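Okay, got some structures for you below.
Note that subunit A is present in both complexes that follow, paired respectively with subunit B and with subunit C.
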Partner chain A sequence: MNDVVLEVEHLVKRYGDGPVVVDDVSFRVRRGRTTALVGESGAGKSTIGGIVTGLQTATSGRVAVCGEDRTRVARSARERRRRGAQLQLVPQDPATTLDRSQRIGDALAEAVALGGTPRTDRLPRVEELATQVGLGPTHLELTPRSLSGGQRQRVAIARALATSPEVIVLDEAVSALDVSVQAQVLNVLNALQRDLGTAYLFITHDLAVVRQVAHDVVVLRHGRVVEHGAVEQVLGDPQDDYTRLLLDSTPRPGWRPVALV
Partner chain B sequence: MTALLQVDDLTLDLGDTPILRGVSLAVRPGEALGIVGESGSGKSMTLRTVARLLPDSARTGGAVRVGDRDVLGLRGRELREHRRGLGMVFQDPRSAINPVHTVGAFLVERARDAGQDTAAAREQALTVLRRMGMTDPERRMRQHPFELSGGLLQRVMIASVLMERPRLLLADEPTTALDVTTQADVLALTDELRREMGAALVLVTHDLDLASAVCDRIAVMYGGRVLETAPAATLRDDAVHPYTRALLASRPPLDQRLTEIPVAPGSPVPAAQTGPGCPFVDRCPVALPICGSALPEERLVGASRVRCHRVEEVA
Partner chain C sequence: MTVLPFTAARRLTRSRTRRTGLGVSGWAAVVVLVLVAAAAVLAPLIAPYDPNTGDLLHPYATPSADHWLGTDGTGRDVFSRLVYGARTSLLGPAAVVLAALLLGVPLALVSAWRGGRTRIVLGSVLDVMFAIPGLLLAILAVAMFGPGLGAAVIALAIAYLPYVARLATTAAEGERRLPYVQALSVQGHGALRVNVRHVLRNLSPVLVGQASVAFAYALIDLASLSFLGLAVQAPQADWGVLASDKDALLKGHPLGVASASVLIVVTVLSLFVLGSRVSGEDRR
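Up next, the complex of A and B:
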């Protein structure tokens, strides 16, 4: 089973004595594949993303990246760097993580340097990354404010790719984009996965996006897994009432909204 | 039947920035029109112009009529009466409901404004809240907005608007911030009540499938212009304008994975970044040189009213 690049086992998150927001969640992400976490507000999907990326701690349970336990705090700067290189995050709004006054080319060069690329190879690597996400040399000269939302999200993906990670966590990464731009970014993500074999943990509330990117899907509700399996199975023949309700509530051609009771 | 809302060749500028160009729409009494578009298309500003909720720097041209009122020329008392006759629902109910009053006080005040006594207003509020899917309306009436989730508060907002029985309902992304199961519930209940009351609706949304589910006709906007207007039932199969087709194609299906989603390159542009021609010209797969220099008049193709030089080729 050495193709498992991310393993989450019996994950629990509870804030103090408050409610359990992630309740015994387990799933795996395999090399070159995509696992989607889907659910509504309060499902716990972003909390799981936060724990997996090390931005939050778990109450109990285990997170392993490429077989290495991540629930333990990194012992050295070197270990932190290695961990960062293996797993990267693309958030919903890249404006929150991009320096507004930094040229895109410099932001990417910085990420490439952190990934350990020798100085002389950095510029070609930056250009390669830009090409992979569909940005041209002119974009590298610009700052984030001169870019559209879709272009900024391409920059965030390029920066995540800079360290050649095994896994990228995408937390509602296409949710804020206009549909015509969202489609472009989904195509870029799928093409990158085919070419590079990067695995994705794809956090989203949108089942149509899940269908387009995911191989496996974990349906969450109130912190619990209600259904988990291959995407064709879960979306094509849902076994759980809540999964069915989510599907029935998702607008599509010919769709009619139905009242809950 | 004559139109309840008639928008003719509307232009809007905010300061020196063009926002809308040549927008024409009509809504008959009881009819539902969806205005669909992406960022910068002008869909929300069209709605705000109808309600005359525009900043001081706004300059308008063309005509907007609601009933026998010339909306663009209204002032003072007439303008207030015009707004009072409209039901308006926005994406964020928290910005439209006074946070220091209870939900009940808010609803009763709205109904009293419409001329009812307090007891009747209370009864009506409870009834409409129940119809909006609230299981314990008495308790909700005693609560303050901060105690209610976004979904519950939007139900309160819609209830308050429908209680006044407006002839025309204006809704701007009313369910976009809600979870999908709540969205479906709120849409279904609102749709039923609206039809019963015979109110007309203009629904602004980025979601074509959602608009098609509750509207009779769809107007597709891009770059401050209406590029196509068509019956909702046939839009998906019979869309004519290349932008409408691109928009339809870019939403991936739920039942299969595509190797690649068909896309138009580039991003949506606001009116300020468009030339004299079709605003979609730079992204259009079938554009000709003339498309960049002039936007053609609306033409009827099948059931669609469409502005495109290439209608013969693409239809």
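Up next, the complex of A and C:
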């Protein structure tokens, strides 16, 4: 199974003596494909994202990126950089996803330098990254304050791409954007995946977004996987009552609110 | 890191900074502080007389063309003493604030980054230090090491450390939780780089604001210690020493005392105004 870039096996997370927030979760993300983690607030989506990115530790279970075990914390700068070259993160909030006092060009150059790009090749690489996400040279001179929410998320995506990672974790990365900007960013992500073969772990509560970008979907409820499979199968013919409830709670013409229980 | 060329966009950013800048009161404070600092640096060029050489034949001379603010009880030129006094009056608080920042900010960054037990232990140490009044510590230090600016500065730096560290910790914890810090960590940057290049830079307005306020308090505390005869010692010129000239007051010559007091008040006020403008406190 060489095309598996992210493997999560029997993941459990419990905070102290509190309830189990992630309970025996397992799934795989394959190269060039998008797996969506969906569920209501508190389902454990972002906790799984935090563990996968190394920002949190699991109580038990295993996370492997490109076959390399990530259960323990990185011990050296070299290991940190190698992990960064394999997996990257695009956070949710466009307002705080970038360092507010750093110019866009400098933020991208910093990420490029981390990937080991020689000094002389960094500026062309920064411009290439900006172009890939639909930004121009003028944007490189600006600070995040001068950019719109959609532009900031594009920068965050470009920054994540700087190390040419195998997989990018997008934690509600388009949830804070309005619909038209959301579509633009999703188109950018689709195009990049087509061109670069990057895999995405898409954490979202928006099933419309899942239909648009994901190949596979993992439905979570109270930290447990209730359904897992191809998007067409899970969203087209849901086998679990909770998945059906989630689908029924998605607004559409003539829709009436459905309480999730 | 690659340095990108400046363009019109950067000018745009700069003009925005100007619009949300110091304001009239902030700039007035800057002018006052620059004048005081210039007086301290250029004292030998500005002061018409040696601050410590007196003319015993003309004690308590009234203001004249020769002595703009008159002379003190030993015939020393009050204006010259005020100008030279700016040196110790600024140097002492600067040393206090610098030492408190150099110790307090790294502690704050470590506490915010590590969290957990590190935060609890460091927080407890700071709580203990909070319980010791600065002036009491300074008096204790003077009793142990003898009167002088050095002992007072060290004692006040220790006393100011928990205030600086506690504020910096709170600000650093807020910054630490921001998604960009998490993204940088995932990217592969080490804690040192993230803290120094990003977190510290974004904390700088808060720290500069805090430093200016701490500077003002340190100036008052050192002036008080000089007034009590525990810090700067007569005949060395210092605003605190000048403000404590009881003989001049009793003999009806308050100009020197009043001038030193006004300088202390104006400088402290300017620092408060600048601190609040820089940290954005008065715009929230």
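In the analysis below, the second predicted complex is superposed on the first by the 250 of 261 C-alpha atoms of A that agree within 3 Å, B and C clash if a C-alpha of one lies under 4 Å from a C-alpha of the other, contacts with A are read in each partner's own complex, and residues count from 1 in each chain.
The criterion applied here is as follows: contacts are C-beta pairs under 8 Å (C-beta built on N, C-alpha and C of every residue); 3 or more make two chains touch, one makes a residue touch a chain.
The shown structure was predicted, so the numbers you read here are calculated from the model rather than taken from an experiment.
Visitor: After the subunit A overlay, clash or fit between subunit B and subunit C?
Guide: fit
Visitor: Is A:Q151 touching anything from subunit B or subunit C once the two structures are fitted on A? First, second, both or neither.
Guide: Touch status of A:Q151: first partner only.
Visitor: Once the structures are superposed on A, label A:A183 by its partner contacts, choosing first (subunit B), second (subunit C), both or neither.
Guide: So A:A183 only meets subunit B here.
Visitor: Between subunit B (first) and subunit C (second), which does A:R103 come into contact with in this model arrangement: first, second, both, or neither?
Guide: second
Visitor: Determine, under the contact definition given at the top, whether A:S249 touches first (subunit B), second (subunit C), both, or neither.
Guide: The answer is first: A:S249 touches subunit B but not subunit C.
Visitor: With the two complexes overlaid on chain A, check the angle at subunit A between subunit B and subunit C, Cα centres, nearest 10°.
Guide: An angle of 80 degrees, rounded.
Visitor: Using the superposition on chain A described above, determine whether A:P91 touches subunit B (first), subunit C (second), both, or neither.
Guide: second
Visitor: So, does A:V5 touch the first partner subunit B, the second partner subunit C, both, or neither?
Guide: It touches nothing on subunit B or subunit C.
Visitor: Which of the two partners, first being subunit B and second being subunit C, lies in contact with A:V217: first, second, both, or neither?
Guide: neither
Visitor: So, A:L192: does it touch subunit B (first), subunit C (second), both, or neither?
Guide: So A:L192 meets neither subunit B nor subunit C here.
Visitor: Which value in Å is the smallest Cα separation between subunit B and subunit C when the structures are fitted on chain A?
Guide: 16
Visitor: Provide the residue numbers of subunit C that touch subunit A in the complex, in ascending order.
Guide: Residues of subunit C touching subunit A: 1-2, 4-7, 9-10, 12-13, 16, 178-180, 182-190, 197-198, 201-202.
Visitor: Would you pull the subunit A residues touching subunit B in the complex into a rising list?
Guide: 40-41, 148-151, 178-184, 186-187, 190-191, 205, 207-209, 211-212, 231, 235-236, 245-261
Visitor: Any idea which subunit B residues touch subunit A in the complex?
Guide: Residues in contact with subunit A: 38-39, 133, 179-185, 187-189, 191-192, 206-207, 209-210, 212-214, 236, 246-247, 249-258, 260-265, 267-268.
Visitor: List the residues on subunit A that touch subunit C in their complex, please.
Guide: Those in contact with subunit C are residues 53-55, 77, 80-85, 87-93, 96-103, 105-106, 109-114, 119, 122-123, 126, 138, 140-143, 145-146, 156, 159-160, 162-163, 169.
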